[in-house]
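In this document, chain identifiers A, B and C correspond to the written order of the chains, with residue numbering beginning at 1 in each.
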Amino acid sequence: MSLWEYANPKKFMETSARLLPWVAGLAAAGLAVALVWGFFLTPDDFRQGATVRIVFVHVPAAMMAINAWVMMLVASLIWLVRRHHVSALAAKAAAPVGMVFTLVALVTGAVWGQPMWGTWWAWDPRLTSFLILFLFYLGYIALWEAVEDPDMAADLTGVLCLVGSVFALLSRYAVNFWNQGLHQGASLSVAPGERMDIVYRLPLYVAMAAFALLFLALVLARTRTEIRARRLKALIARERLA
Amino acid sequence: MTPLLAARGLACARGGVLVLEGLDLELAPGAALALRGPNGVGKTTLLRTLAGLQPPAAGTILAAPEAVAYAAHADGLKATLTAAENLGFWAAVHGTDAAGAALAALDLAALADRPAGNLSAGQKRRLGLARLLVTGRPLWLLDEPTVSLDAAAVARFAEVLRGHLARGGAALIATHADLALPEAGVLELAPFRARLRPVTRGDFDAAFG
Amino acid sequence: MRALLLRDLRLALRSGGGFGLSLAFFLIVAVLVPLGVGPEGATLARIAPGILWVGALLSCLLSLDRIFALDREDGSLELLATAPIPLEAVAAAKAAAHWLTTGLPLVAAAPLVGVLLNLPGQGTGWLVASLALGTPALSAIGTFGAALTVGLKRGGLLLSLLVLPLYIPTLVFGAEAVARGAAGLPAATPLLLLAGITAGAVALLPFATAAAIRVNLR
């Protein structure tokens, strides 16, 4: 039994139907635990006060914003090489989810930046990179919407995703070059001394796992919808001709 | 003699829906075949598939490499270039220098320096057909070649076509009109129309149609 | 490939080809910006590198949708796809023709427009160098965007949405090189990075462009 069996739409529908309630339930439970723990059961930070708690939404959202794009890239590659329809539809399904995570990261970042840096928005390299990532999501989704033929749309967005990934990476370096920035270092840096305290780190890990599960649940649900929409379209086209 | 073009069990789709299936086809050098069938049966789709512009939905196509010259509905003319410049461009792309002879063959020599935008519909069509001669390719795939041509021009084109066949070329012609080419075979496409079952209840859980 | 390049240049230069429109647009941007931000020389000198590069970007964008759309309409694109030149070469020739008719005039006009925006004299050389090195990337990326949207009825707006984010690295390094050069700082690093992006884009994007055309012709 090969992994590619799940690329068969029928098999995927069966498996995902069984999987989805568990993933969604775990995501909900994880989010409840992480947010209650993070928001109410952690001490105030000695410098940032209560605002530090926004980290439990901001960091996981930012992480998933990038991971969603990576997942789209992998799914696009699988579609372009192996022509599995489920893969293309999963990439399509992930894009709006990734875009919303990007937006959440940007908005929570602005809300956090206001008390910390005294401004809602700064052209800091990290913030700018996320704004650029948001634009890439926007273009990718717009191309999916614009092309009528589903296979053609899958091919064109796949190529755009490949080229876009290279340019998104280049933009990241360009933006770093352009402005050194005031954003703090990565929150889970492995360098000693810079690390967050364990009281924050544990709920953050839970939050990250919960966000990943949430992403998986949303993508599964949306992929199922896309597969059904695709079937409906094929059947309608056939009925019109027959 | 090896055929210039052979297709086995060919199926073609348009817009994701199968239109033709189970088609076998063979064209030997010197042969011409007229494709016939009602509108929408898939003549253009078949020609585009054979020209390599779209992949076949099923079956195989065997054609000599770089053998196909395709003439679509649109002639690919630039309105601001003269007739000679238009043809010269295609000659250069195909690495031949037959532009002058091609103009003469379709009775366009007098119009060589006229911008293509100023030509009549029939003259444009003749210029588009002259492009076939400058490609220097043996297999012509023609989509309604005689549209907007008058009787004299149709006869002229039939003569050009006959010359092409005599030189060992072949032609596949989708047309409703009479080509004045009695030796051409006829392939009726209607029997190869894809049979689509009407949609039934169990279909929704199948893979994509 | 040479034939295609020559034909596209000839078409651009004939009446109705739109040659010079991008250049005129570039000039108008350079006139409008001082009217918007005020005539103080110091302010203008400060923002000139950015304005010049954004202006070049937008002027390039203006003519992108013509690259393949006209050939698609009159059927040439299908005929080119069945011609003996590979589509990758068609894509490269199209990008080259776009650069020669849009990018090169911008490079030539840049010193003059720099004067309008009060760009310090020592920055002019960097401006010309950065535009000369960067605009080929703009044409190559734009040709890719044009190939993605060639099958769409109203692809113009979508084309801008797809292409502008891809222009970001070119813009950043190009404008940075001019800004550093104008301030008398060493500007070779951004210029080399810019050249690297151009080299990569010109070498690799024609393959993506050709793939997109093939899909769109299906």
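Just so we're on the same page, a residue touches a chain if its C-beta (ideal position, glycine included) is under 8 Å from a C-beta of that chain, and two chains touch if they have at least 3 such contacts.
Computed from a predicted structure; not experimentally measured.
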Identify the chains adjacent to both subunit A and subunit C in the sense defined at the top. B
Looking at A-B and B-C, which pair shares more C-beta contacts? B-C
Separation of subunit A from subunit C, taking each centre as the mean of its C-alpha atoms, in whole Å: 32
Could you grab the centroid distance between subunit A and subunit B? Build each centroid from C-alpha atoms only and quote it in angstrom. 48
Once you find the CA centre of subunit B and the CA centre of subunit C, what distance in Å lies between them? 37
Which residues does subunit C have that touch at least 2 chains other than itself? 218
So in the complex, the part of subunit B that touches subunit A is made up of which residues? 15-17, 196-199, 203-209
Counting only contacts in the complex, subunit A reaches subunit B at residues 8-10, 13, 85, 149-151, 230-232, 234-235, 237-239, 241-242
Under the definition above, what is the set of subunit C residues touching subunit A in their complex? 141, 144, 148-149, 151-152, 155, 158, 161-162, 164-166, 168-169, 172-173, 176, 190, 193, 197, 205, 208, 211-212, 215-216, 218
Contact footprint of subunit B on subunit C as seen in their complex: 2-4, 7, 10-11, 14-17, 71, 73-76, 78-85, 217-218
Using the touch definition up top, name the residues of subunit A that touch subunit C in the complex. 132, 135-136, 138-139, 142-143, 146-147, 152, 155-156, 159-160, 162-164, 167-168, 170-171, 173-175, 177-178
